[in-house]
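What follows are several structures.
The following pair of complexes shares a single chain, chain A, combined with chain B in the former and chain C in the latter.
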Partner chain A sequence: MVILKLAYRNLKGAGIRTWLNVFVLSLAFLSIIYLKGMYNGMQDQSIRISEDTDLGSGQYWCEVYDPYDPLSLPDAHSIIPEVFDPLINAGVMTPVMLYQGAIYPDNRLKNVMLRGVDPSQGVMNLPTAELVVESNGFLPIMLGHRMAKSINVTVGDVFTLQWRDGNGTYDARDAQVVYVMSTQNATIDIGSVYVNLALLQDITRLENEATMLVVDKYYSGELPESTWKYQSLFALTKSIREMVEMKSAGGSIMYGVLMALALLAVFDTQVLSIWRRRQEMGTLMALGMTRTTLIKLFTLEGAMYGFFAAVLATLYGGPLLYLNSIKGLTIPMDMDNFGIVLPQTLFPAYSVGLIVGTIIIVLITVTITSFIPVRKLAKLKPTDALRGKMS
Partner chain B sequence: MIKNRLFILIIFVLFAYLPLPVLAQDWPDGLEVMKRIDQNMVSENQVVESTMIVHGRRSSRTITSRGYMISDEKSFSEYLSPPREKGTKMLRLDDKLWIYSPGTNRVIQIAGHMLRQSVMGSDLSYEDVTEAQELEEAYDCTVIAEETVGDRPTLVVELIAKRDDIAYAKRKVWVDSQRWIALKEERYARSGKLLKTTEITEVFKVEGRWYPKHMLFKDVLKKGKGTEFIIDSIKFDQNIPEHLFTKAALRK
Partner chain C sequence: MTAAKLIHTHDLVKTYPVADREFIALKNVNIDIGKGEFAGLVGPSGSGKTTLLNVIGSLDIPTSGSVSVLDHNIGALSHKQAAKLRNHHIGFIFQTYNLLPVYTVFENVEFPLLLLGKGTEERKKMVMDALDWLGLTEKAEMRPAQLSGGESQRVAIARAMVKKPALILADEPTANLDAKNSHHILKTMEKLNAELETTFLFATHDEKVMQYMKRIISLEDGEVVKDETK
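Coming up: the complex of A and B.
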């Protein structure tokens, strides 16, 4: 307890030097928590958006479908097994057909993925009901806002849609954009053209066929066994987690640099402190303080930088982080077109584990950094110290 | 007098709306016409040197190539110029297609949606290149009219797909009725929409056969002037080594 008081008094006595160290360390603290919180928030939001608009609580894929094998796509459809009928009729599942095609907006060819969706479905949070309209004999289609922007079309525009039907025969019809939806999920927007599933099955001559079945995110009942492969949400979001992990690893370089700068300041302060306080150390030892207690005192002084930094960071950083978690960080529009699920506004997620974990890591690192220059005190002779010598 | 005029009018209207084949019974059978084309065009194998002029929005590119073909089953082609495309090779075995790019030193199989991509930016897609040409087997051929293309008399043959699995549901071919060579072709989608056209603007006689010299391919749905294809030289029934039609030959 005595050394705690002594350490606090020494730090207070050091004045501005202490507070500069504490401030730099608190900045490193905040940066680490902020960046980690952003990555956590990005991952949480991306998974939530994917679950809401595309993945549901999982998907059944037809036997051939493999999204990572483009060669499988032309054959990635088959008749929906009857075992799913009760769940489809109950609105717990919805079939989706993915089919390759091409569009010619302004007579320019663009390969697209036709997404056949049931307009009455409620499993995916998409405005599919907009596909049920009269469009003057044209094929009614819906686009995402990124896709519409990239091909420079808007609601009411007509262009040719071409595909090869299930038997391989070319077919083409004029399609009209009946709705442009705004979605945060770029993966179901860029390169996608939404068509009424029944219509797509008809024009491709693939009656009652689909590529996948999306399960409602709120459904927690039993799922039937089938020849179609079930993919859980965890498996489907693997790529999102991997992407965030990769980004987080990249980010750790930045907070590694920040921490290194802050710890360097602490280290320098400790070295300087030992050098300037030689006679004080000699006096303390002459008065009966052991070398171990002296080492503890100086290490504690260093560790207290970490503690004060945590307090200071809470004082000025707490409100900032809170404000940020409410307002979020809005990404410019152009950044949104990477073909990944990236929300327009990123909301960081600060967990107790993240904050406590960061505090513990910083405290341990600061303590170790403080201890390293103090080790030489173990060999210090009180007589030398009193004369201002360091052996 | 009025009765006579009315009678003449009725007769005129009746004849005007009579189906054309009734009026033109002397037209040859469509299948016969297509066979005559085959007799003229088909050989055991061919070695062709050609020039392709791809008309882009701002400029045109000229690509020369040498191709080896055995009937409709196998083909191997190598691009000779420009320097950017030189050394690029393409191998087709039935409906499978591989392309070798010397820049990457890799052989890629063209499949799936990639088949819809254009060949070297032209109006021809890889699908068009891989398509088998046995038209008589795949289509019901009927001569539906006689027309003049340029200064040549032609028979217009309508080809309607016999089966559901044929790439184009309908085609129309204008066949030179003296030289038995197609001078124009239109390809239609199942919906009846015109997709692609081919025009042969110049023909030449080689080894006793009439053969297209200058062709213009056009993807009707796309903007642009189309792609010109010029046959610089062609040799029939050559001794083409079999190893040329293997994937290993692409890297050589």
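Coming up: the complex of A and C.
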């Protein structure tokens, strides 16, 4: 308690030097928490959006389907095993067919992925019911807003859709855009054309076939064994986590540099402090302070920079981070296709673990940094210190 | 010698390595100082006054021989035991005052009591008594930089006496003061010695200071050459 009081007095007495160090350290604190919170928020939201609009709580893939092998796509469909019928009929599972095709908006060729979905499904949060409309003999299709913008079409526009059916015969039909949906998930928007699954099965001569089955995110019952491969949500979101981790590692360089600068300031202050206060140390020892207490005192003084920085960061950074977590950060449209699913407004996730963990890491680092220059006091002779010498 | 022995040295030798040889700072010093004495170690620069004071104050250890202070063998004390001895029983007054610059006068005087673990109220009373005794009550909230040399040395005395130690060691306490302040400081110490029976041991080469000493131990080249009691 005594050295705590003495350390506080010494820091208070050092005036502006103390507060400059504290301010720089508090910036490091906030930067780490802000960046980590951003990446955590990005990961949480990306996974949540993917789960909501695309992945469900998991997927069954037909034997051939491999999303990382484009050459497998033409054959990535097969008859839906009967074992899944009860779950499909109960509405906790929905089939999706992915099929290659091409469209000709404004007479320009664009390769697309036809996504056959059941209009009555409720597993994926997509407005698939919009596909059930009279379309004057045209094939009703739905696009995402990014896709619609990229090919410059809107609701009511008609263009040619071409595909190769299950027998290998090329076929084509005029398709009409009946709905443009707004989605935060760019991966199911760009390059995708949504078609009624029954119609897609019909025009491709692939009756009762699908590429995958999406399981409802709220379904927690047993899943049947099948020749189709089950992919859990964790496995399906692996790429999201890896991407966020990669970006987080890149971001950590920035706060690493900031942290290093702050620690350098603390280290410098400690070295300078020991050099300037040699005679004071001698006096403290003459007054009865042991060398161990002296080391503790100087280390504690350094460590208290970390403590004050945490308090200061809470005072001015707390409201800022809170506001940031409420308002979020609007992502520019240019970053929409960032490589991962990104929401239009990114809400950082500042967990208690993140904040406490950051505080603990910074406090430990500052304490070690403070201790390093103080170690030499273990050999300090009081008589040398009183003469202003270091032993 | 009528008083009980507070300090006893026997064949005390202190050497320092200087370049490739040993410099002998103290040579077979044998002195006894009793409780309540007001004694001075006098001699020219380099005669070993400060070295002897440092060894007696347990800031340094003898190379050979023995030093006993309040029945503690200085050479056998660990760093922690030596710190405890200084903390409880010895007060120091330095030529350059050595006040802690970021502390107020009150906090400077309070410091030894904090190390002793005294309670807040007790500390406050003891500090105010010491400041009152030295006429520094009004300066309690000032910092050392705001004080004159005489005031600073009075704060140093207050800090040394606040815990009522058995022994106060003063190294050239008036070297940075003018005649008037020196007189005032020495009179204060005399009063302290008389009223609290605190033993004072000075190191000085100032003739004016020597006039106040009741016993003068003269050192030359590390040896005691004269020991006279007035």
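Heads up, the rule we're going with is that the second predicted complex is superposed on the first by the 389 of 391 C-alpha atoms of A that agree within 3 Å, B and C clash if a C-alpha of one lies under 4 Å from a C-alpha of the other, contacts with A are read in each partner's own complex, and residues count from 1 in each chain.
Operating definition for what follows: a contact is a pair of C-beta atoms (placed from the backbone, for glycine too) under 8 Å apart; a residue touches a chain by one contact, two chains touch by 3 or more.
Keep in mind the model is a prediction, meaning the values are calculated, not measured.
Bringing the complexes onto one copy of chain A puts chain B beside chain C with no clash. Rounded to the nearest 10, the superposed model shows the Cα centres of chain B and chain C diverging by 150 degrees about the centre of chain A.
When the two complexes are overlaid on their common chain A, residue A:Val311 makes contact with neither chain B nor chain C. In the superposed model, A:Ile372 lies in contact with neither chain B nor chain C.
Contacts of A:Thr283 after superposition: chain C is touched, whereas chain B is not reached. When the shared chain is aligned, chain C comes close enough to touch A:Arg291, but chain B does not. Residue contacts after overlaying the shared chain place A:Ala90 against neither chain B nor chain C. Once the two complexes are overlaid on the shared chain, A:Asn10 sits against chain C while remaining clear of chain B.
Of the two partner chains placed by superposition, A:Leu320 touches none, neither chain B nor chain C.
Looking at the shared chain after the overlay, A:Ile364 reaches neither chain B nor chain C. The gap separating chain B from chain C in the superposed three-chain model is 71 Å, by closest C-alpha atoms. Note: no residue of chain A belongs to the chain B contact set and to the chain C contact set alike, using the contact criterion stated above.
Within the complex formed with chain A, the residues of chain B that make contact are 109, 111-114, 116-118, 161, 163-169, 187, 189-191, 193, 195, 219, 221-223. If you check the complex, the residues on chain C that touch chain A are 54, 57, 59-60, 79-80, 83-84, 86-88, 92, 94, 96, 98, 100-103, 107, 111-112, 114-117, 159.
By the touch criterion given at the top, residues 2, 5-6, 9-10, 12-14, 279-280, 282-292, 381-383, 386 of chain A touch chain C in their complex.
The touching residues of chain A, counted against chain B in their complex, run 70-74, 100, 102, 104, 106-109, 111, 160, 162, 164-165, 167-173, 205.
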